[in-house]
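Inspection log for the structure reproduced underneath, given as structure tokens.
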Amino acid sequence: MKNNNQNEIIKKAEVLTEALPYFSKYVNKTVIIKYGGNAMGDESVLKTILQDVAALKMVGVNPILIHGGGPEINAMLDKLNIKSEFKNGLRVTSKEAMGVVEMVLCGKINKQIVSTLNTLGAKAIGLSGKDSELIKVEKLDDGSGVDYGYVGRIIKINSDILNTLKQDYIPVIATVGVDKDGNSYNINADIAAGAIGGALAAERLLFLTDIDGIRKDEKDPKSLISHITVGEIKKMIKEGTISGGMIPKVNACCEAINSGVKSVEIMNGTIPHSILLELFTVEGVGTMVTN
Amino acid sequence: MKNNNQNEIIKKAEVLTEALPYFSKYVNKTVIIKYGGNAMGDESVLKTILQDVAALKMVGVNPILIHGGGPEINAMLDKLNIKSEFKNGLRVTSKEAMGVVEMVLCGKINKQIVSTLNTLGAKAIGLSGKDSELIKVEKLDDGSGVDYGYVGRIIKINSDILNTLKQDYIPVIATVGVDKDGNSYNINADIAAGAIGGALAAERLLFLTDIDGIRKDEKDPKSLISHITVGEIKKMIKEGTISGGMIPKVNACCEAINSGVKSVEIMNGTIPHSILLELFTVEGVGTMVTN
Amino acid sequence: MKNNNQNEIIKKAEVLTEALPYFSKYVNKTVIIKYGGNAMGDESVLKTILQDVAALKMVGVNPILIHGGGPEINAMLDKLNIKSEFKNGLRVTSKEAMGVVEMVLCGKINKQIVSTLNTLGAKAIGLSGKDSELIKVEKLDDGSGVDYGYVGRIIKINSDILNTLKQDYIPVIATVGVDKDGNSYNINADIAAGAIGGALAAERLLFLTDIDGIRKDEKDPKSLISHITVGEIKKMIKEGTISGGMIPKVNACCEAINSGVKSVEIMNGTIPHSILLELFTVEGVGTMVTN
Amino acid sequence: MKNNNQNEIIKKAEVLTEALPYFSKYVNKTVIIKYGGNAMGDESVLKTILQDVAALKMVGVNPILIHGGGPEINAMLDKLNIKSEFKNGLRVTSKEAMGVVEMVLCGKINKQIVSTLNTLGAKAIGLSGKDSELIKVEKLDDGSGVDYGYVGRIIKINSDILNTLKQDYIPVIATVGVDKDGNSYNINADIAAGAIGGALAAERLLFLTDIDGIRKDEKDPKSLISHITVGEIKKMIKEGTISGGMIPKVNACCEAINSGVKSVEIMNGTIPHSILLELFTVEGVGTMVTN
Amino acid sequence: MKNNNQNEIIKKAEVLTEALPYFSKYVNKTVIIKYGGNAMGDESVLKTILQDVAALKMVGVNPILIHGGGPEINAMLDKLNIKSEFKNGLRVTSKEAMGVVEMVLCGKINKQIVSTLNTLGAKAIGLSGKDSELIKVEKLDDGSGVDYGYVGRIIKINSDILNTLKQDYIPVIATVGVDKDGNSYNINADIAAGAIGGALAAERLLFLTDIDGIRKDEKDPKSLISHITVGEIKKMIKEGTISGGMIPKVNACCEAINSGVKSVEIMNGTIPHSILLELFTVEGVGTMVTN
Amino acid sequence: MKNNNQNEIIKKAEVLTEALPYFSKYVNKTVIIKYGGNAMGDESVLKTILQDVAALKMVGVNPILIHGGGPEINAMLDKLNIKSEFKNGLRVTSKEAMGVVEMVLCGKINKQIVSTLNTLGAKAIGLSGKDSELIKVEKLDDGSGVDYGYVGRIIKINSDILNTLKQDYIPVIATVGVDKDGNSYNINADIAAGAIGGALAAERLLFLTDIDGIRKDEKDPKSLISHITVGEIKKMIKEGTISGGMIPKVNACCEAINSGVKSVEIMNGTIPHSILLELFTVEGVGTMVTN
């Protein structure tokens, strides 16, 4: 042995022995990584996430990155002096606003991610829901009588292009939907990630957020739940243990499982290399949701 | 025979007999269509062009559409109050301006074309030169000592992604280049089309412009040249018969031929269905350039 | 545009736009062309038919040509002083006569068609029902007590050889049947064409005749029917609207549809390039029969 | 052991042990069998030859049968009162005579052989040199100034169709040639067999004749030569040991070897099952010619 | 014809004509040959058996050789002074004894057979039931309360390795079983051969013994049965016609048929080339058992 | 993060990030592991080695294990009272002794390793140099005039069987050689491992020994050399820095490199999980030899 002390060697051997069985488990399997929301702005966090994604590709896993927008969209809407109204918690989206959202999401954020992955040695391809009609939607009608404008409800995932690309490339998907006439729509990125994962029967779907996962007691960080089933989630919502902003997130998890994803994880994407730790260690990070 | 008169029937049979041999010639072959510049704004022209492109795909040809920007880019630069300076006929491009160019080109124009092709029954995928580092560039240095900012010179085409897609999809390429550090660059769309055509050993490269082709006498529309060689072009430039704004265009033709495209056409894209007429009739339209 | 006037260009573009969707429809599909009977003698008609067949092959369609005999058979029977007797409208066929029929059909007519197709740039292969037992028959027994000699009823089509050849060659089939002991039999060429079409699940079966199709009123050329179903044919026979020599022809159409051909056409093969017009124009020629 | 006596068992085991290595030698290999001339008329001989050919196919060898005409051609020419003239030992062939030759060869003899092979359980396909232009010829000009009419010299073998068929079918080839305009020609069947064998790089070419092979002393049946080289043949011709009617036959052997056949055999086809004995026993029958 | 007399030629042709149809029957089919027991010691018998096995491989059959031990095992147990006890006719096998059995079977006999096959031009691979857990067993418990030690009952055949090898190699299998913890077990070689044959849906399983087959009357050599069904065997056991040491052998035959082998043969392996005679002659040798 | 402290997490992430690039490097590559000699007896060491080998297989590497004998061979020779004589440092091997060596090596040690790998979830196949004539040898003649008996010199590696197996199985090779007559020979296991590695163009060859590697100063454990070239080794031997028992080992390394192995490692196999540490950490263990 060269310059390592004996302890470190034993430690390394243990981590390797622990990680090895997971590699074979994920080789040639599809792993969806959804990243977005508040954490979107932090460049250093994004960097380690993309490093992990590129590393996954190199060991033979097929990662697919799905992203939403971030502060840049609002900044551009402001610059162009386009105002937004919110109804029932949803942004009412005009054609003009949707044009700006799409332009920033597909022409700026998506291409930056693609470019960074490429400089890390991967071969990434940027897609929006318009490409090959990947995310087909119809205008949202929630029965409330409110016209939300260009806000869509996903009706079909055309996953052919992902099957074509996933072996040799990393698809990076901007969550814009398209209707039958070719119009662009705002969609919920978590729901889109679940629907795409379902269409591909993905092995894993990782929601990279800025929280550690689901807690038994929202206020106690030590009450983090490692593993939960869809049934248990529904019970916790009913009992009010899960509430507020957490509800849409866990609902997205449940929908993903129902549409065919094998397991979904709510996890803290700001921990460096959280993806590798989740996939290749026994303990993992965050809360795993399964059936 | 049903409702056609006899003459019309004979005429139809003639066109079909004429067209048939060309079909087998182009099936499974790559045909690059470059569209851009002034004509970019006219929606009805774009519509018949995209109809032809979709029709080509349906008969088994592999079309690839390459587009530049148009009036929308300048409109957005104006709205955002970004000024451009021109030196030696080239737009000096700041990082900020390049960001806007890329955003409009990749996030708006490219996605609109993709979406229209999809509504016509094709399966189109939008790409920029950043995707899988399709168009690798370095900063332009023309020896004049002028710093043009983010204006690039193409150094490599990574055509893998096009080979992966071209059988089942129509790739639609926004001509943005990327350097080794992932920065975006303005590039000449004609040169990009030629380089991509060369990398794919394309059967045909069609430059859809708003002129009919090369004329022996620039002022005489009847002097249109049907076929010309690279050698003859060089001679005509030397003699001054080809001059002015035509020179960069014919130079792009010559570079495309040199890089491996079998034949290049300068043709009038505003003639309805000019692509079909060019590919499937004996006479064709425009000026064909070969070695 | 070069030497065409503007109108002609628009016309051509229209024909091409009309024809294109049909190309993709027929590529790699099997189209059976049955040619025979009275028209068999006219060399110039045969020439444009074979040109169309060769052209189909070139654009990726898989045509199969099925032919009967013609005046040459009777001429040879006369020269060799072999007499024929007719009973119930069928030629009673002696072993000696059958030998002559087969010899002329397979050794003369079939090889001439093959040879002409080859000079047109196609690769044709001549077959009879004996090759690989393509058309297996048994001796006809119509219950009338008449012995028709070597007249056969088709009991099986061995289409393997056609599947082997149809991709790269044009099979040209002389309609001679073979029984389990290797004897040759006279068969109805229309029925044979339908049975072969059914065995191959052919996309189209074109009966090239010297009439325009089925008429509502036999005496009124303007009453030509464009499209008719098997059910409607049966009704028209019952009502007496279809009668006489037309009945065996339409019955052959119905049998072909029943055995699996997608659509059958009775059409006038003497119209130049009638095959192209039928396959690649909206209106087509003749009467189409479907289920 | 059941009903065999001990000696017979040992004998059988010996023949099997002797034959086995040859099977693997010929599996998937092309063996050309040329049959024709005088022996053509004897039905019982033909029967055991075709049994052997069918048996070869069943054990995985790819036999190709090439035949000339026989007494039937002259009988038909007589019946139709067509006279033939001979010059320099070659039949001067009129267009009319050639028509009859082709008709009998392709429409009668060829189809009979095909039919018999099929009843023996093989799948045979009859071909003439016209099919897919298998045997391309030009008019013979031997420099003597004599016009032999439709007598051809082979200029090209288009063996594609044989490669397509030989795996699953037994091609049975009537030796008629075709020129660039589609005309039929009389050709030497031995030369045709050699040229086809060469084009396919055949493992073996068997000339089934009615003589036992080449003799050292033409009058002494015990002087049969088992194996001879092209060089030795040339020497024997020079010395006059091989003379007369034997010369064209041995010349055909030499040409076959030169064009790429691995070994050629002159053998007595009238010995029952001579083909099996030649291929699967150590001693074989006849005279083998190699380089 | 060369040096053979006429009679011998006819005889040879007959054997070949008889053998040919069988070749195609067995090409690419799996034939299991079980050899063992008393005959194991005779080197000259083994030699002709291995010659036949190598010859089968050469003609495209896929033979698999399964062998038990022989006198060498007892000799080695004696040398090492290891005693064996028998209970209920089975050798009680200690761990120590099993180690010796395995060592001799896999390290000596198996490798000698492999080596001899290789010198005969085949490519043989030696396997035991441990390789890739080919023969998975559990400790035998026959309900008698006796502990037989390392005597196993087969519970699973992992035939993957045989499917991988059988095309290009001759697998030679020493009948040692392995339990879930990797321990070695003594097993009945006949039962193992049947189970392996069943797992591979073998065409034939040949038990090479030193008797001629099953007799109607055990004492009358002329009463040999050529063909018998599983049902008839059961009846003969019940009636006492089959008795004593023959019972386990015929039971192994019945089990093999039940597990999926198409036909099983009890035959005399000491007849030279008995395998070839069985497979390639109409009469065969021994008694064939089928369903 | 669940129960790990922050430091441990960072440590794990580091090891994973370090290991990941190596996985893709070795996937589908051949890694030869040679184990033998003194360390052969220690069961616990063997266990962690086989665990690593099984783990390699699971992550898509193709390991091949090559082993020599150990104390068991001498124990058996003693029991059977077979004496050995040594000349020039080589064991003179009688036929009788060789039989025992082969029996223990192939029938005992090899099968135990195979069995252990199988219980670890891998599919292992035991081979000796006799199987498919994997290791072809001739009798050693070192020019000294001494007859060493059955001691062989490797003349050819027939690696076909390894290419067939390595994708799905772990080949475990007992180093016995075979001559053209099928006789068994004693061979140097290190040389055999190098020759096999060369024949397969192996990525890595790991010599698992009980020393840490090559030292600059034999007496100073801190002078371990991490990387050395063949040229440097030769120089060190010449200078006497490498001497004694180390010389044959480093010579085997050099021969392996010369025959085509990409890199060879002398390393301490008694360090737990040394194989994983060598392959998947930057520092590795032992001394690497390359060209």
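Lettered A, B, C, D, E and F in written order, each chain numbered from 1.
Convention: contacts are C-beta pairs under 8 Å (C-beta built on N, C-alpha and C of every residue); 3 or more make two chains touch, one makes a residue touch a chain.
Worth saying up front: this structure is predicted, and the values here are computed from it rather than measured.
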{"item": "Graph distance between subunit D and subunit F, where chains that touch are linked", "value": "2"}
{"item": "Common touching chains of subunit F and subunit A", "value": "none"}
{"item": "Cα-superposition angle relating the copies subunit E and subunit B, to nearest 5°", "value": "180"}
{"item": "Numbering shared by both copies at the subunit B-subunit A contact, with half separating same from different", "value": "same"}
{"item": "Subunit C-subunit D separation of Cα centroids, rounded to whole Å", "value": "36"}
{"item": "Gap in Å, rounded to a whole number, between the CA centres of subunit C and subunit A", "value": "60"}
{"item": "Whole-Å gap between the CA centroids of subunit B and subunit C", "value": "46"}
{"item": "Multi-chain contact residues (two or more partners), subunit C", "value": "none"}
{"item": "Pairwise touch network: line, ring, star, complete, or other", "value": "ring"}
{"item": "Contacting residues of subunit F [partner subunit A, same complex]", "value": "1-4, 9-13, 15-17, 19-21, 23-24, 27, 51, 55, 58-60, 212, 224, 226, 268, 271-273, 276-277, 280-281, 283-285"}
{"item": "Contact set on subunit B toward subunit A in their complex", "value": "79-80, 99, 102-108, 110-112, 114-116, 118-119, 123-128, 130-133, 160-161, 164-165, 168-169, 176, 178, 180-182, 184"}
